[in-house]
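Listed next: structures, encoded as C-alpha cells.
Shared chain: chain A. Partners: chain B in the first complex, chain C in the second.
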Partner chain A sequence: MFPAILKPKTSGDLARLCVIVALFGLIAFGALRYDNFLSSFNMLSFLRYNSMFCLIALGMAFVIISGGIDLSVGAVAAMASVCAAMLSNHSWYAGLAAGVGAGLAAGLLNGFMVAKMRIQPFIATLAMMLAAYGTALLLANNQSVSVSYETGFTIIGQDDFLGFPIPAWIALAAFVLGWIVLERRPSGRHILAVGDGEMTAKLMGLNVDRTLVAVYAISGALAGLAGVILASQFGAGQPTEGIGWELFAIASVVVGGTLLTGGSGSVGATLAGALLLSMVFNILNFENGLGWISLSAYWQSVIRGGFLLVVVVLQARLNKHSHEGAAA
Partner chain B sequence: MTVSASSSPGAATASMSPLVFLSRYGTFLAFLALILFNVFMTRNFLSWQTLNVNLTQVAPIVIVAIGMTLVIATGGIDLSVGSLMAIAGAIAPMIFMGKLFPVDPVLGVALALVIPILIAGMLGWFNGFLVTNFRIQPIVATLVLFIAGRGIAQVITNGNLQVFKNPEFQFIAMGRIGGIPVQVILMLAVAALAFALIRQTVIGRQIIAVGGNEKAARLTGIPVRRVKLFVYIVSGALAGLAGLIVIARNSASDANLVGFGMELDAIAAVAVGGSLLTGGRANIIGTVLGAFVIQLVRYTLLANGVPDAAALVVKAGLIVAAVFIQQRASKA
Partner chain C sequence: MLLSMQNISKSFAGIPALREASLEIAPGEAMALVGQNGAGKSTLVKILTGAYTRDSGTIRFGGRDVAFGSPAESQAGGIATIYQEINLAPQRSVAENIYLSREPRRFGFLDRAAMREGARKVLKTFNLDIDVDLPVARFSAATRQMVAIARSVTQNARLLIMDEPTSSLDEREVVVLFETIRTLKKRGVAILFIGHRLDELYAICERVTIMRDGQTVAVSDMAAMPKMELVRHMLDRELAAFQAMASSKVEGPEKPVRMEADAIGSGVRVRDVDLTIRQGEISGLAGLLGSGRSETARILFGDDRFDKGSLRFEGQERRYREPADAIADGIGLVSEDRKVDGIIPDMSIRENMTLALLPRLRKAGIVDRARQEEIVRHFIKALGVKCASPDQPIKELSGGNQQKVLLARWLCTDPKVLIVDEPTRGIDIGAKAEILKLLRSLADEGLSVLMISSELEELLAAADRVTVLSDGRSVAELPRAALSEASLLAAMAHQDAEHQNPAGNVS
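And then the complex of A and B:
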C-alpha cells in the first residue's frame, strides 16, 4: 500500500503522504525529546490502548468511502461491551460473539435504514446512536457490568502474543483484511463506485443496496469488536463509554486524507490518521512529565480540533488547486 | 382532505395521500395525542408545575433548534452548538464574578449577558468562514469546534465547576414577567423573530433559495456566501444565549456538561418538525412543535415509570419515523 502513496498522483495521494510524514515526524519528535518515548513499554501500551480506536476508524473509513457516515460507532461499542461482559461468564468466545454480534446487528439495521428506507446516513446512524446507548443502559441497568475473570475473556484485551499486545494483533489483522477488501478486490471497487455516485453505480449494474448494507455491517461489527476489547481490557462492560468515539473516528479518516464526499480513500492512511491523533495525547503526557509546562488533559481535544482544522483547510486548498489545474 | 382537493385541480392531487397528510399534520397530531394521553393517564399533568417544568426544559432546545433550522434550511448543519453553549456558559460567570477583569456588579451582569453571546456568534462566523471560504462540508467544518469547543471551555475553567448566586444575571432563567418565566418569553421572542425573518425579509427568502438550489441562487445574484455566514452566526449566537439560560437555571456552570448532546436534540427537533434535512425549507413553527413533541415524549415516559434509557430508544424511533415520512411525502 505504501509504494502507491509514495508516488502522489492526485491531491488525495498528496494528503495521504502528508499524514504519514506527519506521523513519522511526530514519532521522531517524541523520540528525540523524551527518554522513554520509544521504550517498548510505552509503545506497547500505546498500541494496546489505541487498537480499539483504530478498529472503529477502519469501519468509519469504509462507510465514508461509500459516501455515508456512521455516527453510531461509539454507542454501538458501548452496547457491545455490555453484551460481551454479560456473556463472558459462559466462555471467552461467547463474550466475543455476543459483542461482535450486537455490533453487526446494529450495523445491519443502519444499512437497512440507509439502503432500503432511504434515510440520510447522518440521521439513521444518529438515531442508532441514541437507540444503542438506550439499549446499553437498559441491559446494564445503568451500571458497568463486570466481566468474568475465569473464562479467559480478559486475555483478549490484556495479554500478549509473541511479545505484542493481542488487541494490536486484532487491529493489524483487521487492517490487512480491510486493505485487501478495499484495495485489492472487486468489492472495494464497488464501494468506491457507490461513493462516487449511487446513480452511476446503479447504471453500471452494481448492487448498490447490498454494498451499502455491507459497509454499515462492517462498521457495526468492527465497533462491536472494539467494544469487546474495551470490556476485556478494563474488566467491565461500560454503557457510558464511547461518547465522542465517532468523532475521533471521523477525524482520523479525514486526517488520513479521505474526503467526506466519498469515492476515494485509503486504509493505510486511515491507520496513520488514527495513530497520529492518538499520539498527540501520548506526547502530551510526556510533555507534562518533563514538568516545564503543565497542560491539562483538556488540551487534548483542543489540539485534536486544531489538527482537524489544519488538515481540512489544507485538503480544501489542495482540492481547489487540483480543480483549477484541471480547468486550465 | 377535501380542502386540498378543492384548492388544487388535477387528478394526481385529488385526494391527499396518507403520507402527505402525515407529513403536514403528523407533528401536530402527535403533539395533541401526547397532551390527551397525559391528561388522562398522567397524574397531576394539568398543573402549573408540570407546565413550568416542561416549558423550562424545552426553552433552550427550542432556541438552539431555531438556529439549527436556519442552518439546515441553507443545506448545512451545525454540530458545534453544544460546545458553543459550554463556552458561553464558561465565560459568563467569570465576567460577573470579576475573574477576568475588575468590573462593577451592574456593568458586570450586563457584560456577562452580552460578551458570551458575541463570542459564540464570532465562533459561528468561524464555522461559516470555513464553510464558505474553504468549501469544507458543514458537517466537518463544525466538527472542528464540536471537538475543540468543549476543550476550550474546559481549559478556560480548568474543568472546574463554577457555582454562583447572582439574581440579576439569573433573571434570564429564574425571573418572571407577568407570571411567565423569562426564558419562555425569550424562547417565544426568538421563534417569532425567526418566523418573521423567514416570511417577511429578503434574507429569509434568500436562505430558502440557497438551500433549494445553491447554483441557481448564485446565478440569480443572491450573495450565497453572506447568507451562509449569516445563518452560522445566528446559530452560534443563539447557542450562546441557550448556554447562558442553562447555567442561570442551574446556578452553576460545568464546562463538561453544559449543552452536552444538544446538537442531537436540536437536529431531532428540526427533523420531527418537518423541515427537510436536505435544505430549502425552514418550518419554524414545526421546529418549535418538534421540540415540544420530543420533550413531551420524554416527560410522558418518565412520568409513567419508563426508565430514561428506554426514552432514548423511543426518541430514536421517533426521529427515523419523522424523517422517513417527510422524505416519502416530498417525493410523492
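And then the complex of A and C:
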C-alpha cells in the first residue's frame, strides 16, 4: 500500500496521500501540545472506542466506490447490537453471530433492492435505515438490552489481546482483508469498474448485479460487527444508538479521498480519514483540559464539518488541476 | 462467410425497427454499414451482440447458428464492440481495462505483473508505448480507442464492431487507427465499420451494406459504388408530398445579412464552416449524419465556444460565452431532441411556452398571469396549436403540436434568428407541411430562420438557400436557383481535393 501511495499517479492518489499526511500532522500536533496525548492509555482507549466507526467507514467505502451509498449502517449497527445482546447469554459466539448475521441479512436485502429491483441506493438504504431502527426498537422493547456478563461476550469489546484492544484487532483485520479484496483480488477491481460506470462494466462482461449485492452485504456485515462491539463495550444492546453514524462514515470516506461518484478510492486512506475525524474529538478533550478554552462536545461536529469542507474543496482543486495537466 | 445474418426483423411496441434486414461479413474483411438515423443500424448490431433479441431471422457466426443472450456472451463467442465513447472504465488503469473480467490470476489473486506485461506487449503490436498503470481517462480519445481494440484482441475477437470510431479523432489519429485496422485484417479479423464519413469508408472498407427504414437496401463492393449512388441509397424518399409547397417567392435582390460565421471551428466536429443567415430568409443547413450540423448550431447559440474563425451578428463581432448571451441578441434554438432538451412533459402548455419569457413576465417579482395568459392564447391561435386548454400537460399533445409550442416559446420572445434543428422529426406528414409553412410565413415577416434538416425534400421545399456541411466543413452554399436533389446529393457526397484522403488509398 505505501509504496504505491507514495508515488501518486492520479489526483485521487494525491488526495489520499494528503489525508495520511494530515493524520500524522494532527498526531504530531497533539503530541507536541498535550502531555499525555501519546500515552498508551489515551491511544488505546481512543482505538478501542473508535474501532466500530472505522468498521462502518470501511463498509461505506466499498459501497461508495461501487457508485452507491448506504444510509442504513447506523440503524443496522443498532439493530445488530440488540440482536447480539439478546443472544449473548447463550455463548459469546452466539452473540457475535447474531449481530453479524443481522447486519449481513440487512446488507443482502439492500443489495437485492439496489441490484435486482433497481431502486436508487439512497432510497433503498433509507428504507432499510427506517426499518432497522424500527426492528431494533421492537426487539428491545424500546430500552437497552443488557448483555450477559457470564459468557465472555463482553471480552470482545472490553479486553486486550497482546496489550492491544480486541476491537482494534478486529478493525485491523477487517482493513487488511478489505485492502486485499480491493487491491489484490479481481473482485475488487470489478467493484471499482462498476463504480466507474455500470453500463460500461456490463458491456465489458462483468457481473454487475453480483458485485452490487456483494458490496452492500459487506457493508451490512461490517455494520453488524460494529453493533456487536457496541453491545459488548457498553454492556447493552442500544436500539437508539447509531444515529448519524452513516454520516460520519460517509464523511470519513470522503476525507479519505474517495469520490462520491464512485470508481475510485482506497482502503488505507479511508482508515486514515476515519481516524482523522475521530481524533478531532480527542484533541478537543485535551484542549479543554488545558483550561484556556472550554468548548462543549457539540463543537466537535462543527469542527468535523469544517474539516470535511476543507478536504472536499482541496480535492476539487486537485482534480481540476490534474485534469488540466492531463497526459496526452 | 464469418457472419451471416438473414431476414432479421425486430419491432418495438409494434413499430418495426428492422424488416428482414441482412448482413454478411467474410473473415479479414472490413464491411461498412451506413444509413441515416433510424435506418436500423444500431438495432441490427445490438441484435448481433445480444443486447436485443430478434423477433425472427437467423444468425450464423463462425459456421454455427448463434443467439447471444447478452453482450458478455457475444464477447465470449468472439465478437467485440468498440463503442463511440463509453467502452472503458475511465478511472481504471490501461492494463486493468484491457484485462477486466479476465484478469490473470495467481492463487486467486491478481497477477499484476502478468497484467502489465501482457498489456505492454499487446499495445506494442500497435506501436503504442504508454504507461499502462495510468488511468485511461488521462489519455486522448485515440489512445483510449487503441486500448479498447487491444482489449478485444486479447479476447481473441474474430469480429470487431466499430461504431463511428473516428468521430472524436483528428486526422493524424485516424491514420493510426486505420493502420491498426489493416493489421487486424491481415490477422483475419473481420471489421464491421459503422460510419458516416464517406472518404474514410472508401479508404478502409472493402464492401458496404446500406440500410434504410429497417431494411438492407444495397450490398456492394466499395469500388463498384460511386459516392453519389451511395448517398442516394441512404436518403431515397418520396418527394411528391412536398413539391406542392415549394416557395412561391421569386428571386429578388439579396437580402441583408443578419448573422455570419466565417471559417468557424471548434474541436474535431466543426472544422471550418462559413455560414450566412439573411434577414427574412430560411437558410438550410444540410449534411450527412456526423457532418457537424447540430454542433455548428450550438456554436451559433453560444452553447459551445469556437476556437477558430469569427462570428458576426448584424455586422458586429460576437463571441458568446453562454446561450444567455445569444438569447440577448435575439437568437433562439429549437433543439433536435424535443424529449430530451425541449419540452418539460408534465408542465402545461402555458408554462412550457413561456419558459424563456418568464424573466420578462415578472411584475414585482411574480409572474404576471394575465399577460402570460394573453400571450399564450395569442400563439396557440396564431400557430394553430390543437389543444383542449392552455393548461393541458404538453405530453398529451401530438409531436407536431409539441413542436409548435416549442416554436412559440422562442417566438414570444420576439427573436431575430431562430435556429430549428430537425424541426419535423417524428411528426406526421400533414403536420410537417404545416410546420414548414409556419416557418415560411415567419421568414416572410422578417425573421431569419436557420433550418437544419436531414430530409432533402424538406430543404428543397422550404429553404431559400442551403449550406452543405461535410465532415465539419462547409463545402457548398446553394442559392434557391441552384437547389435540386442532384445538386444537394452531389454536395453531400463531396470529396474535397485539398482535404487529403485521411488514410491513403483504398487498401
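Basically, the second predicted complex is superposed on the first by the 326 of 328 C-alpha atoms of A that agree within 3 Å, B and C clash if a C-alpha of one lies under 4 Å from a C-alpha of the other, contacts with A are read in each partner's own complex, and residues count from 1 in each chain.
Basically, a contact is a pair of C-beta atoms (placed from the backbone, for glycine too) under 8 Å apart; a residue touches a chain by one contact, two chains touch by 3 or more.
These numbers come from a predicted model, not from an experiment.
J.: After the superposition on A, what does A:I119 contact: first (chain B), second (chain C), both or neither?
T.: The first partner, chain B, only.
J.: Considering only touches as defined above, state whether A:G197 meets chain B (first), chain C (second), both or neither.
T.: Only chain C; A:G197 stays clear of chain B.
J.: Please tell me which partner, chain B or chain C, touches more residues of chain A.
T.: When the residues of chain A touched by each partner are counted, B comes out ahead.
J.: Going by the contact rule set out at the top, does A:S301 touch chain B (first), chain C (second), both, or neither?
T.: first
J.: Figure out whether A:V21 sits in contact with chain B (first) or chain C (second), or with both, or with neither.
T.: neither
J.: Which partner chains sit in contact with A:L38 here, chain B, chain C, both or neither? Use first/second/both/neither.
T.: A:L38: touches no partner chain.
J.: What part of chain A is in contact with chain C in the complex they form?
T.: Result: residues 9-10, 12, 180, 183-186, 189-190, 192-193, 196-197, 199-206, 263-264, 326-328 of chain A touch chain C.
J.: Within the complex, which stretch of chain B touches chain A?
T.: Touch list, chain B to chain A: 77, 130, 134-137, 139-141, 143-152, 154-155, 158-159, 264, 267-268, 271, 277-278, 307-313, 315-317, 319-320, 323-324, 327.
J.: Would you pull the chain A residues touching chain B in the complex into a rising list?
T.: 69, 113, 117-120, 122-124, 126-131, 133-138, 142, 244, 247, 250-251, 254, 260-261, 296, 298-302, 304-306, 308-309, 312-313, 316-317, 319-320
J.: In their shared complex, at which residues does chain C touch chain A?
T.: Against chain A, the touching part of chain C is residues 71-72, 75-76, 81, 83, 86-92, 96, 100-103, 105, 108-110, 131, 133-135, 137-140, 151.
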